[in-house]
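Sharing a structure with you now.
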Amino acid sequence: MDFGLYLWTTLGAFLTLAIFSFLYKDNPFYKIAEHLVVGVSAGYFAVILWHNGLSPNLFQRLNDGNWYFLWMDSTAPWYLIPAILGIMMYTRFSKKWAWVSRWPMALYIGIATGVAIPLEMGARVNRQLFAIMERSIDWANFFGVGGFNLLDTASGLSQLIVFVGAMAALIYFFFSKEHTGLFGATAKFGIWILMIGFGASFGYTVMARISLFINRIQYIDNNWLQNGLNTGITPIEGYHAGYAVIFWLVVLIVVGYIIREIMTYLKTKEKSA
Amino acid sequence: MKRQLPLALVFVFGLFMVFQYFVPHESSEWVYEFLLDWILIIGIFAVALGIWSLFRVAVDKIKTHKPNWGYSYLTLLGLFSMVVFGFTALNGESWGWYFPFAISALMAIMMIAQTMATTSQKGLYAGLTGLFALIAVVIAIFDPAWSFHFSTAEGVENPMFRAFFDHILIPCLSTMFALLAFFIASAAYRAFRARNLLASLLLIAALIVMLRFNPWLAAVYGDFGARLSNWLMNVPNMAAQRAIVIGVGLGIVATALKVILGIERGYMGKG
Amino acid sequence: MKYKLFMLAIGVLLCALPLLAQEVEEAPPDSMVVGSVPAIPTPAPVTQLSGEDGKNDHGHAVMLSWELSADDRPGDTTSTVLSYEVFRWVPSMADTVEAVRLAYEEADAIMRSDDAPEGARDKRNDLRTRYFDLLEQYPEFYASYPENGNWKNIGASPSGSTTYEDQGSKERLASDYLPDFCDFRYRVDAVTAVATIRSSSEIFGPVQSSGQYFNTGRVPILIGVLVFGLLTLLFVQQARGGKDLYVRPLAGIEAVDDAIGRATEMGRPILYVLGLGSASDVATIASFTILGRVAKRVAEYQTELIVPTYDPIVMSVGQEVVRSAYLDAGRPDDYKEDTVYFVTQSQFAYVAAVNGTMLRELPATNVYMGKFFAESLLLAETGAVAGSIQIAGTDEIAQIPFFIVACDYTLIGEELYAASAYLGREPILLGSLKAQDWAKAAIIVFGTIGLLAANFNWTFFTELFRVTN
Amino acid sequence: MDLFEKLMKLDRRWIFLFLIVVCVLSYAIDFYVPILVEPESQKIYDYVENLEEGSIVLIAIDYDPNNMAELHPMTYAMVEHCWRKKVKVIFTSLSQNGPGMADQAIRDISDSLALDRTYNGVEFKGREIVNGVDYCFLGYKPYYALVILAMGQDFRLPFPSDYYGNPLDSLPMMVGTHNYGDVDLVVDVSGGNITDAWISYGQSRFNFTLALGLTGVMTAQYYPYLGSGQVHGIMGGLLGAAQYEQMCDNAGLAIDGMRIQLAAHVVIIFFIVMGNIGLLLERRRLKREGGI
């Protein structure tokens, strides 16, 4: 690994540890990483949106990709309209003309909501309703396919539970009717189903989230510690850098402690002065 | 004009988009695609407003010496480094005077910020801005090793742009994501207590599914655990999702209808 | 599940086929011949080839269908047919048209380059005009059948399939542009493992493609939207007339008012997160309404409000909302432009910043309304560390469990959309809740009937709700 | 204040610290994790274990770097198992970034095969892995559904020559190997919907034995096929990979990751259980006090 790359990797490892330090509490290291990443990411997306969004969608249409012809000989001059609308957003810089920026905003919201209505009606409501109706309940295998097996997801009973559960949960979402009597009991069953579903989906995610952390440990170990400290040793063979992780953690904690001591010392000095 | 026209625009364009969905003809699709481009372009133009807001909040922090104001310099530095790197690219292998240029260009921008932030020494920082800008411009004119690229995306391949992405952005973002491993633990600890029936249901379902992935505890109930957790995922979870999806669909359609019809004007600050 | 899989696979195949056609063309058939494969008898051709204009589309597509060759028996491993190759009669002028198109593309590239020569633009524009003129003449070229043209392989379908969609681009400048209103003629070959052993079907044609003005496959959605829209209008009208509507209390919404009061007492700010959606997400639009109410209350109590945003348009709309709310509360001078500010458009960088803000400003209340993704738990747990009261609402199903676990109050799915109506307690807005309830009741009724219908095989009822395309 | 009372009011940072220490330690210390093998992965292992020398297994590497962490260990364990048993392997790759993955796996596992190793008490002499004799890498072709169908007729239709450009008939192991009928097992290691095509276009048409290696998130979705017999066995996520490594007695990346996974899991569950016991005790105490 050449030295330049090693420095970059060290920076990456430092930022990784700095963000992990947030788990203890808000501290200068985290603040450094946070402020830096906010700036860098905002700049990154601005550049990417310019190159991949504005350039192909507007400039290349208006001026055929050539900066000096501008829009005069464009094959799609009607793209001036969104360009003007976009520029209208900048009236927000002026107090007097800020109301003009409401037009593009209104257009934005009008178009977006208009698109959403039939799309959501079709994709969420109609599609789900059809899915409910589509399959008949498997009465022949009511207690499980090929014998008594309550945990068979394809059994008639499971299908019936899906149906009844979904309906009960829908009843829970009724707003204009008091949840009392039979109606209330069904709604109660509905919220049970919702809670079981939420619990299951929470439990299902735990494992994947821990994998993210494993991935980070391996990043520090393989990309930084092993490459930096013992060049030439492959990540998998022999050398276990886990000890080195602990070593570096201890170093970091000690250094952090010293910095903190210095800071408090400076602060008290400031106050006394 | 100030209030009525926006509402009229929402109504006209919203209604058009609703009925466009049922007209597959080319002409209707053309308008549809054109209008979607409007949204996209308005959105990208607005990014400048966002960057301006970020810039101003940072400068304001520095100006008023709010707590942690010093870190705001980092934000500005990161932001403008990416912008400078993203629009310049090397013409060959040689770096030439690229770094002196990049540093002086960045310093010029930082000095603009400093001029805005300072209260007493405006003249000094304005002068420094001019000086750094002059250096940057001179290098830009005479150095053949690199050039600006606005209409094409060479800047994205700039090694410095890539390095900032690979070694600052990616480690930070994926570590932030990895914090979830801890937060999921502490959230589970705090919330998974059998306080009442609903909490117990949540707890039990989560535990069953979690235990299924644990190699040790799986020994206790073996195959049964896997099947039970699959059943939970495919039966009650499916029912819950179905109900929520339908409900959300109706909620979206109702809200969108109200917006188009001008009944709900909350997004314009008029409820 | 299986049905879904099947449709998915077919979809993938259909998308892939036109490209595969080129693949096949590139490799001469001879290279496919493998010496060790035993001799295969010529397969039976496909029968009953027919085609029609693609239904409910924008044109530029023809749907072909046929009966399987007798030597293609699904499930029988001894059947010899491997795939069906589809041919269309293409006039030889098509090559000229393509040549002009390529010349145009080249001229366009030259014109766009940094060192474009003088007159590059005119040259390109001439080619463009010539190309479009040629396109106009396509119907005449196709009408000359069978003179001046030949059969061209346009794609393949795996064995066992009986349909193929000849779909081209509607973009006139695209290489796979398929003109409308031309008399197309088709032929399908049954092909065996040895590409030369094949048999052709009878020729079908002429058939024309064109776009439609109404998509009949989406009628159920249209009915749904119209009926639901009318219901909403009806109940809103009723509410306007002064009819008292009951709404069940929602804990999360009642908490909002208390939370603002609490913040005032403690002298700490309120943090409002609009989520990661853009302003085109209806969830975010619903969130704007809630933000308006919160901001108005905040202005009245003179508490501080912090609204970090993820999207610049969301920021602009949010500023507008908060400013109007301060105006309504009669305190326009207290409004600060930086109450609603932009952070960054990167998910986790945004979370990093908001988390930092939470621990530094220690807000009394955090409100999360809108679209949330993996960051939901990061925000909510940090908020819990900061000791804030937390109220969340999202329509992202995968994130609701995390909010339920980590927040004090959670609005589940649809409740987010109801919240704006609730907070205002305005009868007009409540009217739409009534419409939503009626729609849900209708779904329960139709769902039950539909399930019965499925069990008794009354397919006509189920079919009423089928949405195609 | 007793232990449980303290636990109830425990600062979450103790949990974080505990979790970090346990995770880093379990990463650093190579301890033994008894992995309970589930029947769905046992079935795959048994099938390979019972193959005769010279049999052929087709392994489809249909994943890309995104899913590498979960799926690469499966490939490593399975291929090493096959080669140690002198079972030949045909690799295909129907996902765009797959060839890189397959290439890397083949090189690494070949290196490992050169060493003498003892697995499950059986000593295996190191040997050189030869392209064309021990394996054949067909490479990548787009439009996976058509490729899967075509391979049902003859591998030579979609892949006239292998990834390295050798005509298939020039490879000793491919002489007389034409289609799925000559292959004893098909394994699809995939992180996307290519699995669906292997089931609906491959298995249900050509009726071969199909085993799946899937990412953890996908696993629940494919269990119904296990019940219907279309799929012979499933390895799900890191856990499935670790189970396979366990059965082969060849600890690798998956068992490494499993140690952390397990430790973190136990910590979380421990805290949940403690919290609940604490809640119970508190309730009882309140009741007693209320009774007095």
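Here the chain labels run A, B, C and D in written order, and each chain numbers its own residues starting at 1.
The rule is simple: a residue touches a chain if its C-beta (ideal position, glycine included) is under 8 Å from a C-beta of that chain, and two chains touch if they have at least 3 such contacts.
Quantities reported herein were computed from a predicted structural model and do not represent experimental measurements.
Colleague: Which chains make contact with chain A and with chain D at once?
Modeller: Touching chain A and chain D alike, sorted by label: B, C.
Colleague: Grab the C-alpha centre of each chain and report whichever is closest to the global C-alpha centre.
Modeller: A
Colleague: Counting C-beta pairs in contact, which chain pair has more, C-D or B-C?
Modeller: Higher contact count goes to B-C.
Colleague: What whole-number Å value describes the gap between the mean CA coordinates of chain C and chain D?
Modeller: 33
Colleague: Let me have the rounded angstrom distance from the C-alpha centre of chain A over to the C-alpha centre of chain C, please.
Modeller: Averaging C-alpha atoms per chain gives centres 19 Å apart.
Colleague: Please report how many Å separate the Cα centroid of chain B from that of chain D, as a whole number.
Modeller: Going by mean C-alpha positions, chain B sits 35 Å from chain D.
Colleague: Spell out, as numbers or ranges, the residues of chain C touching 2 or more other chains.
Modeller: Each of 218, 221-222, 225, 228, 279-280, 282, 285, 313, 316-317, 320, 343-346, 349, 352, 360, 400-402, 404-405, 412-414, 418, 433, 436, 439-440, 443 in chain C touches at least two other chains.
Colleague: Please set out, as single numbers or ranges, the residues of chain A touching at least two other chains.
Modeller: 19-20, 22-23, 25, 31, 33-34, 37-42, 44-45, 65-66, 89, 92, 102, 105, 108-109, 111-113, 115-118, 120-121, 125, 129, 132, 152-153, 163, 166-167, 170, 173, 194, 198-199, 201-202, 204, 206-207, 210, 213, 215
Colleague: Of all residues in chain B, which are in touch with two or more distinct other chains?
Modeller: 18, 21-22, 39, 42-43, 46-51, 54, 68, 169, 172-174, 176-177, 179-182, 184, 186, 188, 190, 192, 202-203, 207, 210, 213, 229-230, 233-234, 241, 244-248, 250, 252-253, 255-257, 259, 267-268
Colleague: Over in the complex, which chain C residues touch chain B? Could you list them?
Modeller: 56-59, 170, 211-215, 218, 221-222, 225, 228-229, 232-233, 236, 278-280, 282-283, 285-286, 288-293, 311-313, 315-317, 320-325, 327-328, 338, 341-349, 351-352, 360, 374, 377-378, 380-382, 384, 395, 397, 400-402, 404-406, 412-414, 416-418, 420, 424, 426, 428-429, 432-433, 435-436, 439-440, 443
Colleague: Sort out for me which residues of chain A touch chain C in the complex.
Modeller: Of all residues in chain A, those touching chain C are 19, 22, 25-26, 30-31, 33-34, 37-42, 44-45, 64-66, 69, 73, 75, 89, 92, 101-102, 105, 108-109, 111-113, 115-118, 120-122, 125-127, 129-130, 132-137, 139, 163, 166-167, 170-171, 173-179, 194, 198-199, 201-202.
Colleague: Which bits of chain D are touching chain A when the two form their complex?
Modeller: 13, 16, 20, 23-25, 27-30, 69-70, 216-217, 220, 223-224, 227, 237-239, 253, 257, 260-261, 264-265, 268
Colleague: Report the residues of chain A in contact with chain D in the complex, numbered from low to high.
Modeller: Touch list, chain A to chain D: 20, 23-25, 145, 152-154, 204, 206-208, 210-211, 213-215, 217, 221, 236, 240, 242-243, 245-246, 249.
Colleague: Using the touch definition up top, name the residues of chain C that touch chain A in the complex.
Modeller: 3, 108, 111-112, 116, 121, 128, 218, 220-222, 224-225, 228, 245-248, 250, 279-282, 285, 313, 316-317, 319-320, 343-346, 349-350, 352-353, 355-356, 359-360, 398, 400-402, 404-405, 412-415, 418, 433-434, 436-437, 439-440, 443-444, 446-448, 450-451, 453-455, 457, 461-462, 465-467
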